[in-house]
Every structure is written in C-alpha cells, then in structure tokens.
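There are structures below to look over.
First chain A sits with chain B, and in the next complex the same chain sits with chain C.
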Partner chain A sequence: MKLRFVFTLVGVTLLGSALLVVGAPPAAGTIEGKVTYTGTPPKMKVIDMSKEPGCQKEQSARTEPVRYQTVVTGAGNSLQWVVVYVSAGPPSPATPAKQVVYDQKGCEYIPHVAVMQVDQPLEIVNSDQWAHNIHPMPKVNPEWNKSQPPGTPPITTKWDKPEFIPVKCNIHPWMHGYFVVLNSSHYSVTGSDGSFSLKGLAPGKYTITAWQEDFGSQSQEVTVAGNETKTLSFVYKVLPY
Partner chain B sequence: MGKTFTIVLVAITVVSAAFFIFHGQLLWLPEDVSVHGPGIDHQLMETMVGTGILFLLGQLVLCVFVWQSSGRKEGWKPRTFPGGPKPMVISAILAVGLEILALSFVGSKVWAGMYMNTPDSQALHIDVQAGQFAFYFRYAGPDSKFGELHPEKINQADGNFFGLDPRNDVAARDDVVTATMAIPVDRPIQLTMHSQDVIHSFYVRELRIHQDIVPGLMIPLHFTANKTGRFEIACTQLCGLGHYEMRAFLEVMPQDKFDAWLKQQESQ
Partner chain C sequence: MKPRVELLALFLGAALLMLTAGAGPCFAQIDINIHTVTGPMESHIGDVTGHSEVGRQYYRRFCIGCHGPDGDGEGENAKWFDTTMGFAKPRDFTTAVFECRSTPTGTLPTDQDLFNAMTRGFVTTNMPQWRPLIPQERADLVAFIKTFSRKWETQKPGTPITIPPETPINIESILRGRELFSSLQCWKCHGPEGKGNGPAAATLTDDKGNPIRPYNFSIGDRFKCGTSNEDLYRIFMTGLDGSPMPSFADLIQPNQAWDLVHFLRTLQPMATPEAAEWKTYASAHGKEIKPIGAEPPGGN
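Right after this comes the complex of A and B.
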C-alpha cells in the first residue's frame, strides 16, 4: 500500500514536470524593423591611402573605391552601421557573451562598429603587414593607445562601463571606428539594407534606442506580449551638407 | 709615448679625411630636382670644404704640440696665449662668429629666394598640414580660393583633416584634400605649412627643403622642381609614437598629367 503510494507520487511528479517543460517554453518576442533617413546625407569621400602604399595597392584591387564610413547608406534610403538596442525593459534571458573580434585589415577596421556588452572580452587583431596603433578615445572608461606591429599577438581587453567609444589609428588618420559598449544583451547592428532584429525578448514594455555615429540617438517605446513580432522603424532627418 | 700618440692622431686625421676625399663627392645627397638646389649644394659644399680645412689644420696643430711637448724635462713651462684666458676666449668667439656670419652672408641669397622674395604670380599654391602622424595637402580647386580653416571642425572620421566648413563656406566646397603632394614640373610652387598639434618637419632631400612646422605659425616657402619623379616627404622632428611612420610622397609630373590627376582628385 505504502509502496503503491510512493510509485503514484513519483509518476505524477514526473508527468507534471514533463508537462511543465513541454507546455511552457520561455516566451520570446521579437522586435524588428528598418533604419532609414529623409533628406540629403553628406557624400562620403574616397579615402586617399597613398601614405601606406601597401594598403593602397590592396584597396585598388577592389571594384568599389573605399570611402569614409561616417554615414553609409543603401537602397531605399537605408542606413547601415546603426546600433539598435534595448535601453530599458524587463530583464531578458542573457545571450552568451562570447569574444568580439575587431580586425585591422587593408587599413580598415572590420567591422566599422563593434558592439559588445560590459565586461565582454574584446580581441583586437592586426591582419596587415604593417604597423597600426589602436587608440580608443573613451570619456568614461580609461583611455589607452597601443602600438600593434605586424605579427604581434592580438590585444585582449574589455570595457567596464557602457559607452560609445570612438577608435582611431594615428598612423593612418583615415582609420576610424567605434566600440559600442552596452549594458544590454539585446542589440543589433543594421546591415546594408538598414534592417535590424532583436530576438528572445520576454514579454513587457521596452525602450528601444537607435544610435548612429553622426546623427546621434533616438528612442521608441514598444510593448511585446508573448511570442509576437513587433515592427519598428527609425527615421533620421538629415540636413543637406 | 707622446710620439706614438702623435702618430695615432695623424692616422685618425688621414683616415677620416680620406673617407670624404675618396668618396668621389663631398656630399652624400641624392640628385637635386629643384631650381634652388644647386645654390644649397654650393653652400653645403663650401661649408664642408671650410670646416674640412679647419679640421685638418686643427688636428695638425694638435699633432705638432703633442710632438714638441713629448720628452720635455720637468719644470718646463708652456707659452700661453698673450693676455691670458680672457682674450683667448674672446678671440675664439670672434673667429667662430665671423665664420658663421660669413656663411650666412654667402647663403642668404638662396635662403631669401625661398622665403623672402615674392613668389611668382603664376605659382601653384598648396596648403600643407602636418599632424600626428600624417601630412595632408590642400589645393584650392576650380575657384582658386581656399576655404577658411576652423580647427574645431577637424574630424578625421569623415576626412575633414583641415577643419573646413563646406556647409557655410562656399570657397571650401571645392577644396581638394590629398595625402600625396603632386606638383607640375617647372612651375613655381608656393607652400603654406602649418601644424595641427606638435612641431613637425617637412623634409624632401631631393628638393633640398627642410623646414620645421611650428604650431601656431603659417610658414610660407616657394620653390620650383625641374625634374619629374616620386620622392619621399619625411617628418624629421620626433613628434611622438608614430613618428617613424609619418611620411608622404611627392610626385613631380608634367603639367598635363598633373591637371588630369587634380581632376581625378576633385571627382572623389
């Protein structure tokens, strides 16, 4: 009698937990959309790399000349390199913070904008055959400036506080990029079509912010319920010249 | 002992002088490509010959003294300069001063030709900016007018190295900024040089131009190149961590090629 009771109890518990696992997956909402502009964006100049003949040679092999990347536009007035992130909202399950790689190749920063979380490991690589110096210019985090001759091991570092950090190379003054350090684990960088997608959001009310290095930030509020996909669009008004 | 030392002294003098004499030329400079260059080379040559002769004479006198003084008995007193050390120092300063004055006088014409004389009215004006760690060059563009400089607008991220304000300044809109200095051959060139941060130096060996760029100053200089080619512009003032990488290239080309080059730069 006693034994039967125990078996039943165990059976019910097992069944119950199985039901819980199958029946209640964590709600994961999605916010997606596009970043565009209205008006006339500044025309980006072609980069003159004649100071570093090696880079010039490497870049001249490309079909499209390399331009400055302060404002990169695409078809349908889309804006590239805009960081869209959750600036406020219910805590969502964090995505694993694996290493972010920032490469210096052909006298360019790849990617132009690298997004990472606070304390997420960042690896800076020099893939070129000549020296670069990497000079992040933060205001809140400590500033540093390191030389990275060809063949030296990657520089591994991290940032303690959230900040938009401009990065430059003093040897090649046209090299310019950004480290975007966020508190949020949910962010997206727009591609050439201006689209972004924030996945795995718990239900709740969110503030979504878009940041562009030249045009600044703008925010919108949006409520996500359950597994739904919400669409957001950000539009930057650009003055000519 | 003194006599051995004399022989060593003579050997050092002869060997060091021989390096210069048997090199075939007194100066180790590359071929000159500028109109004013021969004047500079002449001045350098004169300085080299003058100081060379003084060096040889000085060493010789030293050898004679050492030879004479060796083996002297104790209690021997050397003859001193008449009137003691004071007149000796004064006459040395006078002698060196006269020499420097004479050299400056001889060279002043060449120097004035680059810095003081009015440049040719047909001169091509190029604005040169030095900053850690690159040179940038600005051409006035089709309107022949330079836009004003606004240092607070300098933004390397979008290539505004000079701090131009095309939004409000019409003259700045067609200014051409390049990282290579291209110039037409046989045409007077006028440079205005300025620094964005620390002291840099503009050095082109083949042009015989070596000019410090001091922050806060607009330094004018004019010259004419008379041979085509590609030459290095090097910074020769230790200006920081990337100093060794601070250089640009000078391209001297025929006028028609230069026009095509400038047109191509304008289109970018």
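Right after this comes the complex of A and C.
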C-alpha cells in the first residue's frame, strides 16, 4: 500500500514537472548558414618577418607561408573571420560571459578577430619570446598602448561600449587584428568553411548582421519560431583592390 | 580749389581702398567658422580659471592655421608638415588623445598637462612655445580646445600617477637600468645605443598612419614632454598616447623606473651626473660591458 502511494506521488510529481517544463517558452531556435563572396577577392601578401628573426624562424618551419589575414577565403568561395551576430531581436537568455583570450604568438594575433560582449573580461597574453606592445585603436572607447615583454603577466581589460576596434603592434607593423565588442550575446565567427551558427534563440523576429573588416556590414531579417533552424546566407560582392 | 579737391578725393579714395584691401587679409580669419561640439568649457590651472568662449578668439588668432577650424589638425598649414622628414602633423583635438600627460594610458590629461604642453611647445615639431601668451590666455585656450571633443563631457581626466622621490644616482642604479633597457626591449625601437635606429624604428607610424621616429637619445634634443628626470620618468610610465610609445607602468616598480631614467641619461651627450658615473665605470670595466640587444634565450 505504502509503496503504491509513493509510486503514485513520484509519478504525479514527475508528470507535473514535465508539464511545467513544456509550458515555459523554449529558447531553442537556431539561425545558421554560410558567408561567401562573388567576384575576385584581393590576394593576401606573404608577411616579411625578417625584422623579428625569431618569428621568421618559427614561421619558416610552417608548411604554408604566413599571409596577412585581412581577407581570408576558403573552398566554395567562403569567407573566414566574418562576425555574424544578432543586432536586433527579442531578448534571449544571455550566455555566461567567460574570459576571452587574445594571444600574440609567432608575431601573429590569435585569433585574428576576437569577439566579446560589452564589459566581458579580455585577457591579452604574450606567448612569444620577444616584446610586443598591444595598441588597440578605438574611436569611441578609450585608446591605450601598453608594452608586454616576454614572461610578463597577461593584461586583463574590458571595453564598455560596442565598437569594432582595430589592434596593432608598433614593434611588428605587420600585426593586425580586431576586438569586436558587441551588445549582443549571440554571435559567431566564420571559420575556414565560412559557416556560422547562432543557437539558443527565443522565438521572434531578428536582424542578423555580418561584418567583415574590409567589406563592411550587411544585415538580413529572419523570423524564428519554436525550436526551428533557419538558414541564412550572406554574400559579399568583392573587388581585388 | 580744384586741384586741392582732386587731391583730397585721391587721398580719400586711396585711404578707402587701403582700408578695404587691408581689411581683407587682416580680418579674413574672422570669416572662418570654427566648429566645436560641446558647450562652454572651463579649465583650472593653479589659481587660474580659463573660459572656452574667451579662448575661441585666441584660437582663431594663433592656432587655427595649423590645428584647423574643426580642431582636427587639418589647418591650411598642415599640408606642409613633412612627416617623412620627422615633422609631426598638428594635434587632432577631436580624438582627445594626447601624448604628454601625467595620467595613465587610456585616460584624459589634466588641464595642467595641456597647459604645460602648450607652454613648452614640442621642440622637434612646428608647435612653438606659447610663453608669450600670459597664463590666463593659455588657460582660456586649454578650455577652448576641450570643446572639440565630447569625451571631455563624458569622461573625467585620469588620476595623475604618483612619482616618488628620485633614488640616488649611482652606477648600480645605472646598471640595473641598463638591464631593464635590454629586457624590456626598448632597443627594438630606440636602438641599442638609443640612437632611434632599432629594428622596428623605420616602420613606426602614429595613430593616423603617418611615419614617426622614436626619440634619439644620442642627439640630446629635449624630450617630447619636458627636460627633467621626472619628465622622463613620466613619459614611459604613462606612455605617449597616439604614438607607438607604450606605457610600462604595469611592468616596473617606481625604483626600477628611476634606474631606467638614470641609464637613459647616459645615452645622451650632455654632461649629467649619470654620464659622469658611467664614464668612470666604462673606463675601468669596458671589457665586461655586453652590448645591448644580445640574443635572449630562445632566439632573438
């Protein structure tokens, strides 16, 4: 008798919980797709790192020569390093903001484009055996310039306004990167195949914006219902200069 | 009667002509509209309070030719400043980024910083010393240049860094400073002997992408922001924002900074106490001195 009572109680509780869960609005929508180009993109030059012999030695050990990363293309006319993000839409559950790490390695910035939210902690590391100076050049946020010799602790900072911030090293003038500071908690940076994926979206109408450092921004509107997956494609018309 | 009237007419005509013709170039600048973006601003330098609306007339008279009616450094003289010859373009006040500050990198300078920069001038550029203007006039100008950027409305100047009293000048301090010059890799830009010929020197650019040269200690020019040991300390402990020169404030302690100051003085040609200490040491220990910029472990 007692056992049956307990089973019933547990069963009712489980059923009730299931109903409660189903009742809450799901934030399970996805917007995904690819960023491609038409036309002829500019060719990226090979970087001459002879001014920093240590970097030159490291890079010469690689199979591919190191090139500038202003425009990086891939198979199927895909574009890499394109930031695709929600620029307008219903509030989605915010993803937890953990630290973004930006590394200086082999006299390159890794990643080339680092995306972060407003006030999200950013940790800048020097993994090289020689000094770099980290010189972000924002126009809206305050501009600063700090030296980071080898073996010194990481620089921790944050940005309090959304902005696309070019980053450079004065000691190694070929180093160029970006800090992309966004208000949105949903963003994706395309990889070598040009694909992006925005997950965990609540139902509603969204404006999705793609940004590439040379070709600029473009936006599209899309509506997401329930837990469906919508496919979007961004195409940039490019010129070789 | 007639000739006198004629003469009078001639005289009056000539005077009128001279007045209008002379008025042209003399007062042409009054016709230029200066574009500012904030409301009236004030400056506070010691006991003196400057007012931007008074400073406006001095800007029009003294500054607009280089710094421009928009305060962006694009005055009509600016195109003649050859950056490839080492002459910097005029400061763009619209960005509110300044090299000579007592405040940390990434923060606004104090009114006193701006006043000092204007007073000293920048010795390797076309920016003169503005000592002929009385302090009140300079204070009014400091207030006025703040009207070119909204950052002065939304941000407060940084807190000036604390500069502790200078440590004693002796060879130990100089040698520690020399070690820092090597390990912090200052020589990458400034060169192993501070001649401004380091491996990275030739490709340095300022914020606008114009070529810029690192300071050459061996010539002994005045520093960008002053002449004293304290000025030198302040330069590398706040960085020269807007230029390639970064801040080293997070990397070294104040006593280490003084060591570096003492070493840097030995790179200059002037007869300083530091130079004397170094000369004595070098004559006795010349062979032990390793050149700066030697291969660090792991390759250079």
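FYI, the second predicted complex is superposed on the first by the 217 of 241 C-alpha atoms of A that agree within 3 Å, B and C clash if a C-alpha of one lies under 4 Å from a C-alpha of the other, contacts with A are read in each partner's own complex, and residues count from 1 in each chain.
Following the convention adopted for this analysis, a residue touches a chain if its C-beta (ideal position, glycine included) is under 8 Å from a C-beta of that chain, and two chains touch if they have at least 3 such contacts.
Bear in mind that the values here come from a model prediction, so they are computed numbers and not experimental data.
**Student:** Could you check whether chain B and chain C clash or fit when both are placed on chain A?
**Tutor:** Clash.
**Student:** Report for A:Met137: first if it touches chain B alone, second if chain C alone, otherwise both or neither.
**Tutor:** Second partner only.
**Student:** Give one of first, second, both or neither to describe whether A:Pro121 is in contact with chain B, with chain C, with both, or with none.
**Tutor:** neither
**Student:** For A:Gly54 in the superposed arrangement: first (chain B), second (chain C), both or neither?
**Tutor:** second
**Student:** Of the two partner chains, chain B (first) and chain C (second), which one does A:His176 touch, if any: first, second, both, or neither?
**Tutor:** first
**Student:** Determine, under the contact definition given at the top, whether A:Tyr68 touches first (chain B), second (chain C), both, or neither.
**Tutor:** first
**Student:** Which partner chains sit in contact with A:Pro42 here, chain B, chain C, both or neither? Use first/second/both/neither.
**Tutor:** A:Pro42: touches chain B, not chain C.
**Student:** Output check: A:Pro166 vs chain B and chain C. Expected answer is one of first, second, both, neither. What do you get?
**Tutor:** After superposing on A, A:Pro166 lies in contact with chain B but is clear of chain C.
**Student:** With both complexes superposed on chain A, which partner does A:Ser147 reach: first (chain B), second (chain C), both or neither?
**Tutor:** Both: A:Ser147 reaches chain B and chain C.
**Student:** Any idea which of 99-107, 189-197 or 225-233 of chain B is the one running into chain C?
**Tutor:** 189-197
**Student:** Where on chain A do the contacts with chain B and the contacts with chain C coincide?
**Tutor:** The overlap between the chain B and chain C interfaces on chain A comprises residues 51, 131, 133, 145, 147, 170-173.
**Student:** Of all residues in chain C, which touch chain A in the complex?
**Tutor:** 95, 97, 105-107, 155, 183-185, 188-189, 199-200, 203-205, 207, 239, 241-248, 250-251, 296-300
**Student:** Contact residues on chain A for chain B in the complex?
**Tutor:** Interface residues on the chain A side: 42, 44-51, 65, 68, 70-71, 131, 133, 145, 147, 166, 168, 170-174, 176, 213-214, 241.
**Student:** In their complex, what parts of chain A are in touch with chain C?
**Tutor:** Touching chain C: residues 51-54, 57, 129-131, 133-135, 137, 139, 142-147, 149-150, 152, 155, 170-173 of chain A.
**Student:** Please output the residues of chain B touching chain A within their complex, sorted ascending.
**Tutor:** Contact set of chain B toward chain A: 131-136, 156-159, 161, 166-167, 177-180, 240-242, 245, 247-249, 265, 268.
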